[in-house]
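Below is one structure; the comments refer to it alone.
When the chains are written out, they are named A, B, C and D in that same order, and each has its own residue count from 1.
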Amino acid sequence: MSTNPHAHENLIDSDTGKMGMWLFLFTELFLFGGLFLVYAVMRTKYAADFHHAALELNAFVGATNTVALLFSSMTVAMSLTAIQQQKSGKAIGLIFITLLLAGVFMVNKYFEWGHKFSLHLYPGSDVMKTLPHGEIVFFGLYFMMTGLHAVHVLIGGILLTLVMFKIGSGKIRHDHFLMHENSALYWHLVDLIWIFIFPLLYLIT
Amino acid sequence: MKNHTHAVSTDRANWTVLLILLLLTTLSVLAIKLQVGAFTVALALLLASVKVTIVLTYFMHLKFEQTILRVMVGGVFLLFAIVIGITFIDYLFR
Amino acid sequence: MTYTSSEPLNYLNHKTGLWSWLTSSDHKRIGLLYLYAITIFFCAAAILGLLMRIEKMAPGQTIMTAQTYNGMFTIHGIIMIFIVVIPGLAAVFGNIFLPIMIGARDVAFPKLNLFSWYIYIFGAILGLYSQFANGHSPDTGWTFYVPYSAEASSNVVIALTAAFVLGFSSILTGLNFIVTIHRMRAPGMTWFRMPLFPWSLYATAWIQILATPIIGITLLMVMAERLFHIGFFDPALGGDPVLYQHLFWIYSHPAVYVMILPAMGVVTEIFPTFSQKPVFGYVPIVFSSLAIALVGYFVWGHHMFTSGMSYESRWFFSLLTFIVAIPSAIKVFNWLSTMYGGSVDLKPPLLYAISFIFLFTIGGFTGLALGSLATNIQLHNTDFVVAHFHYIIFGGMGFGFFAGIHYWFPKIYGRMYNFKWAYISWGFLFTGFNLLYFPLFVIGIQGMPRRYFDYDPKFQTGEFLSTIGAFILIAGLAGMISNLVYHARKGPKAEANPWHGVTLEWQVPSPPPHENFDEIPVITHEPYLFDKPATK
Amino acid sequence: METLFNQGSNLAGGVDRAFIFIFSIAIFFTVGITALMIYILVHYSRKKNKNPQQFSGNTKLEIAWTVIPLIIVLVMFYLGWSGFAPMRKVPADAMQVKVIGRMWTWDFDYGNGKISKELVVPYQKDVKLNLFSADVNHSLFIPAFRVKEDVIPGYNNYLWFRPIKKGTFDIYCSEYCGLAHSGMVAKVVVMDSLEFKGWLANLKATGNQPEHPGLALLKSNTCLTCHSLDGSKIVGPSFKGLFGRKSTVVTDAGEKEIVADEAYIRRSIEEPNAEVVKGYMKGLMQPYKGKISEADLNTIVDFFKSENAKQ
C-alpha cells in the first residue's frame, strides 16, 4: 500500500510475504493430510496388522529423529532472533547447527530405509507379497509418508543453506529478513508433520 | 502496517519451549510403553497435538502475529478434522 | 498487436514484442496469456466433443473405435476440467480485474503469478503429451478411478502428473489472490466495500488452496501404486477402491465451486451495470458465496451414493447436498431483484448473463434430482449426469465466461465488438446448447449409461438430436470467437466506460495503463451506487 | 418417459414419487424465473424506464427466499430418503443370487455351480443380488427396477428388489470399466415361480466342473477380455469353434485363407500382428513371443483341441 508506483517490483512487505508463506504451509498440511486420512481409515480396517507391522519399526531411531528435529526447530527459531538482534555470525552458526541436525535426520533415515530394504520389506518385494494385507498397507504408508517427509527435509535444508549464504553476503539483514523468516516457517512445518508421523508410525502398538 | 514490530523471543524462552517439547515426547513414548489401554492412540494424538500447538505458538511466532493468521491456522486444522470426521461416518458405520 | 504511437501508453503497448509478454509480471498481461492458452485448449477439446457426438449419432461404430472413443472422452474431460474450466475465470478475469477492482497496482506476488502461468503451460503440454505418447491415450476417464487406472496399460502416469502440475498452478493463483485481497485493497476499501467479483474470487481461492493438495496427494498415491506396487487402493494388496473415491471427490466436488463461483461473481457485476441499479442484497450474496465454499466442502459423498458407502453417510451427504442448494437459490433471487425496477439494457453481456441464470437454474434443479437418494440411484452415471454437469459447467461457467468477455472486452482491448454479430452467435450457442444437452436428460432418466461407446437403438432419437445440437453449438462458438478475435484488433475504439459501470475498473482508461492507477484511489462508500461517483 | 413409468419392481414407486415432486418443483420454478426475467426485460427496458429505482435490499424478502427453498429442499430430501431407505432393508427370506462382474460380462451364480448369463428371477419374489467383482469397478443397473449398486473388488455390495412385472428388462454396467464397457449388458427375465423352478432345474451346472488348465491360462492372461468363448465378437475373434476354423487373414503381403490349426494358433499368440483376421484391428494385442513358455502354449492349444472335440 505504498504510493511508490514500482513498490511491488522489488519489495514485498513482511506481513504480505508471511501470509503467502502461511497459505502455502496450509497446502502442505493438506498434502500430508490426505495421507493421514488414508492412515486413519486403514488403521481402523487393519488394527491388528498395523500393530504387528509397527513392531518392525525401531522406536529408538524414530525418537532420535524426533529429538533431532525438535532441536533443529529451536536453533532455527534462535537464528531468527539473532538476525533481528544484528548478530549475523550467531545466526549463521545456528543455521549451520540446524543443517547438521537435518543431516543427522537424513543419515538416520538412510540407514533405516536401508535396513528395511535388506529385510526385503519394501513395496513389490517377494517378502511383502507374503504378508497380510494390513501390513502391506502399513509399509506402503510408511514409505510414502517418511519418503515425502524426507523430500521436505531436503527442500528445507536447501532453503536454509541459501539463507545462510545470504546472511553471509549481507542480503539478509536485521531489517530485511523475510526469506529467513519464511524458510524458518517451512522448517518448522517439517518438524510439525514429523510430530504426527512419529507416534502414528513408530509408537502406536 | 508497514512498521510492524517483530517481537523477538529470547534464547532462554526458546530453550524452555524445547525442554517442554522433549518432556512431552518422553511422556508419549512412556505412555505407549506402559500400555494405558484403549486410550493409547487418543493419548498419543493428544500429546502430539499439544506439541504441535506449542511449535505453532512459539517457534512459529503465531503468538505475535496478526490475528487473522491465527484464525486461519485454527480454521484450517478444524476443517481437516471435520473432513476426517465426515469420512468416518462412512467407515465407522459399515 | 500493432498500435500507432499516437495512442496513449497502456499495458498492451508500453512494451512490445513476444519476449516482453513472456516475461511480463503485469497481472493484466498474465491474464491475457491465460486467456489465449485457455481459448486454444477449449477449442481443441470442443472439437473432441463434437467428434464424440458424431460417433454417437447412431448405435455401433460410426467414425471411431471404442478405444479411440474411450481415450477421447478421457482427454476431453482432462482438458476441459483441469486446463480450461478450473483455471478459467479466476485465472483470466481474476488476474486482469481483481487488482483493478480493489484499487491495487498488481497482485501481491507478481513474479509468482507469472511462474504459475508457466507451470500451467507445462502441465497443459504434459496433458497433451499423455494423449500421444506411445500411441496410447489414457482411457480411464478424467476421474482416474482405481483399480482400472492402476491397471490400464495406457499413459495414465503422464496424465496424472499433468493433473498434479496443473493443480500446483491453481494453488499458487489462489494463494496470490487471497494475499492480494487481504493486503492490497485501496485505502477506505473495507471488506464490505469490496465489489462482489473479488468476493467470489476470495471464496474460490480458499477452495483452491485447501482442496487441491488432497487431489495432489491422491494422484501421487495412484502413481506410487502403479510404479512401486504400493497398495493404497488396490484390493489385491489390501487397498480400498472406495477410499480413492472419497479422496478424489474431497477435491473434485469443491472444484465444481472453483468453476462456478467466479462465474456467479461475473454476472453479479453485470446485472447492476446493465440495470443502472445497486446490487440487491449485497451482504446475502457475500455470505452465500462463503457458504457455498464452506458447505461445498462437506458434500463430496453425493458422487458415491451407489459405491457401497454406509447407509448413514449416504443420507448425511444427501442432506448436506440439499442445504448447499440454498445459497445458490438466494443468489438467483437476488440477481432477479437487482434487475427488477432498473433501467434494463439488453446488451450482449446481459443476454449472456440471463442465459446463465436460465441454464444454471436447470442445472441446479437437475442437481437436486441427483442429490436426492432415491432418484440418484436411477440417475447416477447415466447421461442425465452428463447433461446436468454440462448445464452447470458449460451453461454456468461457460456462459458466465462469455458474459464476462463481452462485458470487459472494451476494457481489455480498448475496442468494441460487433453487437449484431454477437446476438446472432448467441442465438446459435443458446439453441445448440439446449438441443445438445436437454435430450440427454431424457435418455438419462430412461437409463442410458454415460461413457457408452455403443448403445441400445431405443436411445437413438435423443442421441441424434444431441448431435445436431452439437453442430449448431460449434457454429455459435465459431461466430462468437471470430467476432471477438477480429474486433480485438480491428474494432472501433471504445470509450473508457461504455456501459456506465461504477466499479473501479471503469474509472481507468481503456485499455488500462501499465500500473492501473496514476494515483491509488480512496474509497469512501459501498460499490454499486449509481447516483454517486465511485471514488473521491 | 417410457422407463420412468414402467415400474418393474416394488422399489420403483418410491423413486418415481421423488422424481415427480422434484421435477414438478423444478418446472414450476424454471418457468416462473424465466417468465419473470422476460417480464423485467420488457417492462423495465431502458427504452421505457429511464429512471432506475435505487433500492438495494429487503431483509424480509431475503428471509423468505431462504426459508421457503429450505423447506422445499427438506421435503425433497425426505422423499428421496424415504424412497431409498427400503432399498437397504433386505427381507430376510429373499432369494440370494451371486453376481460376478468381470470385464466385460456378467455371471449370475445360483449356487451348486449353476451359472447363468441371464438373470432369471421369479415374479413377486424378493431377490437379493450379492455383487462381486473379478477385476475392476463395475455397477449393476436395472433401469426398469430403479436399482443400481457398484460392483467393487474387495467389497460385498448388494441390492435387492421384488419384480412386479413379468417380462424381459435391460441390465447395464454403469461404472466405466474399460474398452468394452458399453458391451457389458445383460437381461433380467421375470417369470412365474413354477416356470422359474423349471428353468433353474434345467440350468446346467457348469461352475463346478474342473476347469481345463488351458482355460485358466487364457483367463489369467486376460485373453478373454477381447476374445469371447460364446461366439460373440468383442475386440478379437471369438474362441468358440476356433480349432479348424477357416478364415481370411490380412498379412503384410496381402490377404490369404488359413485354417486355424496348431501352428496358426501358436503363431497368433506369439506374433499376433503378422496375420490378422479380416475385419479386426491390428496392433491391439501384444506379441507373446518370449513371454509365454512352451508348456503353456501346448496347454492352450490342447484346450482349443478339446473344445473342438466336445462339439
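FYI, contacts are C-beta pairs under 8 Å (C-beta built on N, C-alpha and C of every residue); 3 or more make two chains touch, one makes a residue touch a chain.
From a predicted model like this one, the values you see are computed outputs, not experimental measurements.
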By mean C-alpha coordinates, which chain is most distant from subunit B?
D
Mind naming the chain pair that shares the most C-beta pairs in contact?
C-D
Quick check on this structure: which chain has its C-alpha centroid closest to the centroid of all protein C-alpha atoms?
C
Using mean CA coordinates as chain centres, what's the gap between subunit A and subunit D in Å?
47
Computed distance of Cα centres, subunit B from subunit A, in Å:
15
Which integer distance in Å separates the CA centroid of subunit B from that of subunit C?
37
Numbers and ranges of subunit D residues touching at least 2 other chains:
none
Among the residues of subunit B, which are close enough to touch at least two other chains?
68, 76, 83, 87, 91-92
For subunit C, write out the residues touching at least two other chains, lowest number first.
182, 210, 239-240, 242, 246, 311
Every chain pair meeting the touch definition is listed as A-B, A-C, B-C, C-D
Taking the complex as given, what residues does subunit D use to touch subunit C?
1-4, 14-15, 17-19, 22-23, 25-26, 29-30, 33-34, 36-37, 40-41, 44-46, 49-58, 61-62, 65-66, 69-70, 73-74, 76-77, 79-84, 87-88, 135-137, 139, 141, 143-144, 146-150, 152-155, 157, 170, 172-183, 185, 235, 281, 284
Complex interface listing, subunit B residues touching subunit C
68, 76, 79, 82-83, 86-87, 89-94
Given the complex, residues on subunit C that touch subunit D span 65-67, 70, 139-141, 145, 147-148, 151-152, 235-236, 239-242, 275-284, 306-308, 311, 314-315, 318-319, 322-323, 325-326, 329-330, 332-334, 336-337, 339-346, 354, 357-358, 361-362, 365-366, 368-369, 371-378, 380-382, 442, 445-447, 449-456, 528-531
Subunit B touches which residues of subunit C in the complex?
182, 210, 242, 246, 250, 297-298, 301, 309-313, 316
Within their complex, subunit A touches subunit C through residues 1, 3, 5, 7-8, 12-13, 15-16, 19-20, 23-24, 26-35, 37-38, 41-42, 45-46, 123-124, 132-134, 136-137, 140-141, 143-144, 148
